[in-house]
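Below you'll find the structures, each written out as structure tokens.
You will see chain A twice below: alongside chain B first, and alongside chain C after that.
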Partner chain A sequence: MRVLRWAFQAVFLFLVVAFLLYIWGNLTGNFERLGIRTDFRYLRQPAGFAIPDSDFRSSQSIFQALLQGAQNTAKVAFIGILLATLLGVIAGVARLSTNWLVRRTAALYVETFRNIPVLLIIIFLWSGLLQLPAIGEGREWLGLMSVSNRGIVVPWFERTGSVAVFLAVALVALLAAAAVWVWRTRRFDRTGEPPRRLRFAGGVFLAGLIVAFFLSGQPFTISLPETGRFGTTGGFRLATEYAALLIALVLYTGSHIAEIVRGAILAVHKGQTEASNALGLSGVQRLRYVVLPQAFRVSIPPMANQYLNLTKNSSLAVAIGYYELTRITGISISQGGPAPQAIFVLMLFYLMFSLFIALVTNLLNRKLEIPGR
Partner chain B sequence: MPRRRLIITGLVLVVISLLAAGCFHSDDEGNGNGQAAQTGTDGDTGEGQEGGSVFQQVQDRGEVVCGVNEAVPGFGVSTEGGEYEGFDIDYCRVIAAAVLGDPNAVSFSPLTAEQRFTALQSGEIDVLVRNTTFTSSRDGAEGARFLHTTYYDGQGMMVRADSEYQTLEDLNGATICVLSGTTTELNLETVFSAQGIEYSPLPFEENDPLQQAFIQGRCDAWTSDISQLAGVRSAWPENQGGPEGLRILEEIMSKEPLGPAVRDGDDQWADAVNWAVLSTILAEELGVTSENVDQMAEESQDPDVQRLLGAPVEGEPFDPGLGLDPDFAATVIREVGNYGEIFDRNIGTGSSLGLDRGLNALWTDGGLQYAPPYR
Partner chain C sequence: MTFTGPRPKEPYQIPPGEEVEGPPVTARDPRAWAKENLFSSVLNTILTVVFGFVLAFLTYRFLRFVFVDAEWEIIQRNITNLMVFHFPREELWRVWAALFVLAASAGFGVGAAGTRRAVEIEEGRGVAPGRGMLLRRVAPLVLLVGVLLVAAGSLTATLLVLGVAATAIAFRLLGRRVPARYFRFVALGVLVGIVASYLVITAFGGVPRDDWGGLLLTAFLAVGGIVISFPIGVGLALGRRSSFPVIRLVCTLYIELIRGVPLITILFMSAFALGFFLPPGTERPSLVTRALVALVAFTAAYVAEVVRGGLQSVPRGQIEAAQALGLSPLKTTRLIVLPQALRAVIPALVGQFISLFKDTSLVFIVGLTELLAVAQSITKQPDFLAQGLFVETLLFVAFVYWAGSYWMSRESQRLEQRLGVGTR
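Right after this comes the complex of A and B.
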């Protein structure tokens, strides 16, 4: 019986491999007939196009351009996941609020955004942001912030010297803060004194940062946005396309996460809520210490799914002109790169993103699992 | 229970093997076909998708599938009635008239800049006539074969008429809207980095969102082939100031020879398409127009005209062996027109674009349009 099962497995594997080989042979055969290359050498050719808001130069290779594209995709995915989680948890909790207005508002948000295709939200937001004043007549607030349809610019740090010393001292401060954290925890365990770990450790870290800043000779200053004829220099610029993409993905994915959170909270046994009420915990305490920790455990697998969706949906930015992976692959194809290889490389990149997200969420899942189950 | 599972597994396996066998079977067939085509045709008709030339496929199908643009006024636009019109569209009709004798036997397939070569490689379209620039890597790596250039173009830069920009250098630091997946994108980088001009490109896949961004002032300038810019300008919305609201800078940034392209490795089809295009230029050179073509075919004593129009010379019409009817050029000129007529009607002085012939004048008038002799 076992032999038979292995035999089946082997036959199945053989069929799959044979099928893939056939497809590959078909593809390369047709390519050869048309005189199109089947290797990946195009990746090493100079890109020839520019990518704004980056250090990428057009003389660098297409592979470097793809790496820059992956970086831009990661910029949307990482910040998008953080914000969508935040928004989703708030909306999910709000949907179960006892306050009628809060509950209804959350429901309106979730039902609206969950039922609109995300591409539509992206284009709608982008068109909306284009209605902001043009650069010449842009708004400025106290010289701190500049808003136009080129993007939103806020003050940011500007490097004026070496940051190595600063980073070294900051690292020491971080270690010190960690030590304080452990010390407060131990003391709490021993004496029952309120731990106040965040306050103590945070204070130590902040103090350390200030010391580091002056010790290393003030390696950066704050740069304020200055509006010129074509745009703003200085500060940190949130380009219109990036902002539209990010906000759209956060709103859309947030509405899905809200439903997951709501389901997960409802899955926590009612007895838990009643027990925490009986203990006299406040509403916030009940959520923070009893309900949410149990709800999160349930919600991690479906959340991982949403994170993957958000990352992959970022490819819809091709509609509005943000240089992410899919856009750069598209450009490289029309610049003479072979389409099947380029799409294959694109798939590998997205696969890496997906595997990384799966890895992180799986680790989190394992950590939060109830021991012994 | 285990027994039942065994049966089910067995059944599934049988089905899978059958499927796989089917695949391998068709694989063998495919190879056989390929070999037959290679040995049987000895290279001169080339090998298309199903072993024959596209020429034969088109004739069997009774229709040319033409990859076109649908958003460039003058060159290729889809009208409200779902029809297509423009300079490139007329060249699709020229090919259909030459190969099938009917200028309307065309199926138009609108493509984006990024889709076009994949569509050509995969055989989805027979010929690409979509303001496509002839470059070496498209000829080589993309497996395309470019034919006679129908329009010699150059890249330009368009700005709002009320802006102060006069030269490219004035655009230092500007944001420039560009259609993605075009040679335009590369020329922009080449020219601007060579001159040390800082800029920030804003890429779009379609002209419509690009136009929206430009109107809203998201970008300061719009770069493309000058013919395309002229087309966009001619159709500029009235509430934005109409054509007068835009200005095209005088500097020309690149060479852009635009022409039809077919797949590599099918000489018979490439020759047919090429000579269909050349016949319109020869006709203009010889003074044959859609109005006088029938009269010329009957009355002309000029042997060049007689050969081109397939009129019998000493009882036999001239046949250069292209596989086309001897009178294909007469059909083309009668149904669509000669090069000058097609140019004027769509993009020249007879149209809203009002482009000069410039480089596209006949060689006899100091331009570059020069067709090899038809003999």
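Right after this comes the complex of A and C.
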């Protein structure tokens, strides 16, 4: 029987390997016939296209372009994950609110965005943003924000001097704040007085920042967008494509996260809520100290899944022209790069992203798991 | 032999003349309701006012757009394009015929499933369904069909749709009469119905799938994708839980690699590079086929994970009992494990189908004219060019996707409750 088992597996493995070899043979045969190289040397060729909003120049290699693309993907994924979590948690909690109107509004949001393809949301927002007035006659809100079809400009910091001193003092302030935090915690453990850690530590840090700002001779100012004839100067510009992609991904993923959060809160044992009511905790306290910490633990694995989905869905930017990994790969193929290798490399990049997110969330999960369960 | 144990207790009888206090009647006084649900505290009052204003404003803008400002002419004139795109118009009767076949087999299946459920509830194996009102259940679907018919504005189409609905109801009644023990043949019959409806369109001088477009292509890719990927996914799931390490490794690798990359990369691979992997000289399959291959390869990995969840939910005792009865491993899987596992994952599979339905919009990027692509292309017609009509077309497409997905997701929730998943 044992021999049979291994013989069966050997045959299976043989078939799989034979299939792969067959495909490989076809691939090399086709490449030879068409005169394409089978290696990855194309990655070192000059890209021949520039990437907007970056330092990338068209004389740099395709590999460099892909690295820039990975950076742009990460930019969407990271900020998208933060915002989607925020929106999702708020909507998820709101769906269980005691206020009927709040509950219904959250349900409306969730059920709308969960059931529409994310690609459609991306294209819709992008087309919408492109309809905005041209840059010369762009709309301004209180001089703080400027909105036009070239993107959204928000106030940002502008460097006017050396930041090194400022950062050094800010670091000291951060350390001091941490020390205050520890002190308040110890005091709370000893005396049982309310710790007010956030208020104390935050105050110290903020005071430190202000001191650092003046001590280092005001190293930066806030730059407001100013609209000129040929565009906006100053401020920080969110390109139309980036803004459309980010908002669409956040709205879509947020609706899925809201469902996870709702499920996780409902999964917290009813006795816990009743016990906290019996202890006289307020609604906010009940959420903050009893329900959410337990719901959070349950929801880490499905949340990790949503984070992966958001990162993978950022590839849909290819439809609207934001220069992330997939679009850069698409351009390199259309310029005559070998498609199989290019897509293979693209998949490797995404696998790395996926592995990274899986690693981080697994670590978090292990750390927060209730021991002994 | 005399029974010496304690006598069973008599059921408690209410003494005559005593009033029984039922559960407290909830007051349906609207003012009390509003006080409790909208203005229970200062914070709640503020929230109510703020949300009320925002919601009222958005509703007003939305309704005003839909009923006053929007120019729906682009949808009305292109409704056939949106449904089937370049499908030859003189062959449209085939699509209607396919709809009749589908309605018949679906109605038959639903009817037979109802009979089987009734038997199960009688035997105490099933959970009695909640009082689901049929009209509320099918509301999104009816709304969708209604909107499509209003957009089409054609009497023939309306009559045909009524005919399709009548066929579904008639076959549902017919399906009711099928004894529960023949249910597996009915399930097979539904599958045959789906294949038949495909053949009605393509066979005997019909229209090959490469000429399909619009909602027809979307539906074909979604249904075809799930039907083909289901057996592959079940195989992968069994392989991943197999006791053969080599098979386990290969299946796990496949599932995890596919799940680690976006669908669009697989679509790219299939659309742009599949030709390189075929033997030299073979003709490349059409773009529709290549997109279907990518969707199947992708969905199979996800179906596998869903099914694996079902396999893990089968109690270990079931397998041990089967072994104790002397069943071979193959028979244990086929007769004991799979039926229970697959039954438990039906709602999750519906969820997977919904996601595939939404994901078919991605084939637009590799150049197929499914629903979303048609919506984008009709705004470039000379009559409608550069008028910002994308809002109308995209809103319409979003509604079609929304109605379909929302309807199916609610049905899957119902199924979940009925199957008692997670409550056993």
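Going forward, the second predicted complex is superposed on the first by the 344 of 373 C-alpha atoms of A that agree within 3 Å, B and C clash if a C-alpha of one lies under 4 Å from a C-alpha of the other, contacts with A are read in each partner's own complex, and residues count from 1 in each chain.
Methods note: a residue touches a chain if its C-beta (ideal position, glycine included) is under 8 Å from a C-beta of that chain, and two chains touch if they have at least 3 such contacts.
Keep in mind it's a predicted model, so treat the numbers as computed, not measured.
Looking at the shared chain after the overlay, A:318 reaches both chain B and chain C.
Applying the stated contact rule after C-alpha superposition, one finds that A:49 touches chain B and leaves chain C untouched.
Legend: residue contacts after superposition of the two complexes on their common chain; A:254 is shown touching neither chain B nor chain C. In the superposition on chain A, A:19 makes contact with chain B only, not with chain C. Look at A:9: by the touch rule set out above, it reaches chain C but stays clear of chain B. Within the superposed three-chain model, A:35 lies in touch with chain B and out of touch with chain C [touch as defined at top].
Contacts of A:58 after superposition: chain B is touched, whereas chain C is not reached.
Contacts of A:333 after superposition on the shared chain: both chain B and chain C are touched. Of the two partner chains placed around the shared chain by superposition, neither chain B nor chain C is touched by A:92.
Contacts of chain A with chain B, set against its contacts with chain C after fitting on chain A, overlap at residues 8, 12, 26, 29, 33, 123, 127, 131, 318-319, 330, 333, 339.
Looking at the complex, you find that chain C touches chain A at residues 37-38, 40, 44, 47-48, 51-52, 54-55, 244-247, 250, 257, 259-265, 268-269, 272-273, 275-280, 354, 358-359, 361-362, 364-365, 372, 376, 388, 390-391, 394, 397-398, 401-402, 405-406, 409. Chain A contributes residues 5, 8-10, 12-13, 16, 23, 26-27, 29-31, 33, 97-102, 105, 111-112, 114-120, 123-124, 127-128, 131, 312-313, 315-316, 318-319, 326, 329-330, 333, 339-340, 343, 346-347, 350-351, 354-355 to its touches with chain C in the complex. Listed in rising order, the residues of chain B touching chain A in the complex are 2, 6, 9, 13, 16-17, 20, 23-24, 27, 30, 34, 47, 113-114, 116-118, 121, 135, 137-138, 140-143, 173-175, 180-182, 185-186, 188-190, 193, 199-205, 209, 212-213, 216-218, 220, 263-265.
In the complex of the two chains, the chain A residues touching chain B come out as 1, 4, 8, 11-12, 15, 18-19, 22, 25-26, 29, 33-37, 42, 48-50, 52-53, 58, 123, 127, 130-131, 134-135, 149-150, 228-231, 240-241, 318-321, 323, 327, 330-331, 333-339.
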